[in-house]
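Take a look at the structure set out below.
Labels run A, B and C following the written order; every chain starts at residue 1.
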Amino acid sequence: MLPLLPEPDTTMLLDTLNIIAVSAEATTAALIANRYRMDWFGVAVIGAVAGLGGGTLRDVLLNHHPLTWVKDPWLLLLTTVFALIGAAMAARMQKLRHLFLALDAMGLVVFTVGGCNVAYELHQSMAVCVIAGMVTGCAGGVIRDVMCNVVPLLFQQELYASVSAAVACVYLYCFETLQMPQMSAVSLAMITGFLLRGLALRYNWRMPTFSAS
Amino acid sequence: MLPLLPEPDTTMLLDTLNIIAVSAEATTAALIANRYRMDWFGVAVIGAVAGLGGGTLRDVLLNHHPLTWVKDPWLLLLTTVFALIGAAMAARMQKLRHLFLALDAMGLVVFTVGGCNVAYELHQSMAVCVIAGMVTGCAGGVIRDVMCNVVPLLFQQELYASVSAAVACVYLYCFETLQMPQMSAVSLAMITGFLLRGLALRYNWRMPTFSAS
Amino acid sequence: MLPLLPEPDTTMLLDTLNIIAVSAEATTAALIANRYRMDWFGVAVIGAVAGLGGGTLRDVLLNHHPLTWVKDPWLLLLTTVFALIGAAMAARMQKLRHLFLALDAMGLVVFTVGGCNVAYELHQSMAVCVIAGMVTGCAGGVIRDVMCNVVPLLFQQELYASVSAAVACVYLYCFETLQMPQMSAVSLAMITGFLLRGLALRYNWRMPTFSAS
């Protein structure tokens, strides 16, 4: 089960990636919130929800306390700062769609790997690890959209939850089944996720629906 | 407190009923999700939320871990399969309203009895047992509707939450106060629920509102 | 850390205030729900969500079990009674906006102080205490609005979440940093909250937005 060589820097890598993803999702929240002429306090709240909501829901579902932001309250400062940066950018720039989608993809992919790993370290079954990854990756955005009274992007966009599921499966397959070093498994899963999401957006890939049959 | 005769099959009965209700609610989710041209992955997500959301919320509120689907991850496979069956049916059939309402009533009634029983076995007070039953019966549908950005059926339809409350009260009264065997209490509560919901839908029964006074 | 004199009545004061706030928020819920011609059962459900939802979310996030209404189920009776009183008033009175805003401000301010104090007694960091206060003060209203499919007041109104944050900071600063008696800290924080909210509503104070820049 354990990788052959000690990997002292994987935890740090995952922590760093998590901080980047929290910042990215907080920024996307500001880009959405801005459409509603929210004041800067509302922007900060939505930023915190988008950046920390997925991990919070995962931890509540898995009874994994204390929550990350209860243990490290400076994460709340981080989401506030990045939400305000996002709002300031949104007010100045016209074409934000590409930035928004890139940041959102980063949050989706990185959160999924991190969420998977939390459940894995709690010795959950593979299916629960995949769900934990998907909840961490997708739920922050869903809560953000529900709070803004928007139909969640999850259900509108191309290959959104499916990318999260694919990332989780690649990570767990490489790390647990193939016994690859964690660093490689994380990298492979993230590359898969960015590729899939990028190609889906570029070529407008969609999952089949039933309604046309 | 204990019934006079051993009833080795009540747990199995409740488990079987729970599986049926999970499947029924997952199917209804697909019928709703289909209106929004969701892809099949979104349908599976909504199915899982509708089928397992009520029990999940109840367990989080009562601090009853691990959650059912964390303990038995195959339930996630079950909701996925039935959500896809529901979506395939929705694409082929025109008149689904009766099927939808029947499945939804089954979920409502069975989940209520099961949720009541979980709280009862945790030695909660009667009031909390009733609420646990109602949360299990109604919350999955509410989360489903909120995620789809629809006003929850709970607040639109005839005698919805009230049926859940009645089922919970009948079950607890028969089982705890009258000391009836659990099997009989479950049956009586379910019959009450189906009758009430059926009559409410058939004769358009509604609770009084205040706005007309 | 402890105040110099024993204050046997502070717990009772906070409990009493909490009961008043639960009743006030349950009443506001009825005033909103009434617009949708909900039946009286739906009104009672929304009343319970608005009155107890904030504290419930706080306790779930802080893993503080059992929840208040699980320990004291009569709180559910309280929210039901006040929700029905609110609905009856709404049907008879034309101009409810001032009553609604006053009751809502009371819930906001009192819940914030109470929520802060719960986290404080769990020995959380100051930042988490502030968030706990804000979640308790604001979340009930947000869940109420999301369930009614309305854009949450939190994001529309003048100085809403900001008032909650200010109340939490004043309370913690007076109680923890200045070591004031709890009763005085509670009073000062509440006066600050009512003043800020009242002035914000009276003079239409708003936080700056980014969209106009």
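Of note:
What we mean here is this: a contact is a pair of C-beta atoms (placed from the backbone, for glycine too) under 8 Å apart; a residue touches a chain by one contact, two chains touch by 3 or more.
All of these numbers come straight from a predicted model, not from anything done at the bench.
Think of subunit A turning onto subunit B: fitted on CA atoms, that turn is 120 degrees, to the nearest 5.
Looking at which positions face the partner, subunit A and subunit C present mostly different ones, since fewer than half of the interface numbers are shared. Measuring from the averaged C-alpha position of subunit A to that of subunit C gives a distance of 31 Å. Residue positions of subunit B touching 2 or more other chains: 60, 63, 146, 149. Considering their complex, residues 60-63, 124-125, 127-128, 131, 142, 146, 149-152, 154-155, 161-162, 165, 206-213 of subunit C touch subunit A.
Those residues of subunit B whose C-beta lies close enough to touch subunit A in the complex are 33-34, 36-43, 45-46, 56, 60, 63, 65-67, 69-70, 73-74, 76-77, 87-88, 90-92, 146-149.
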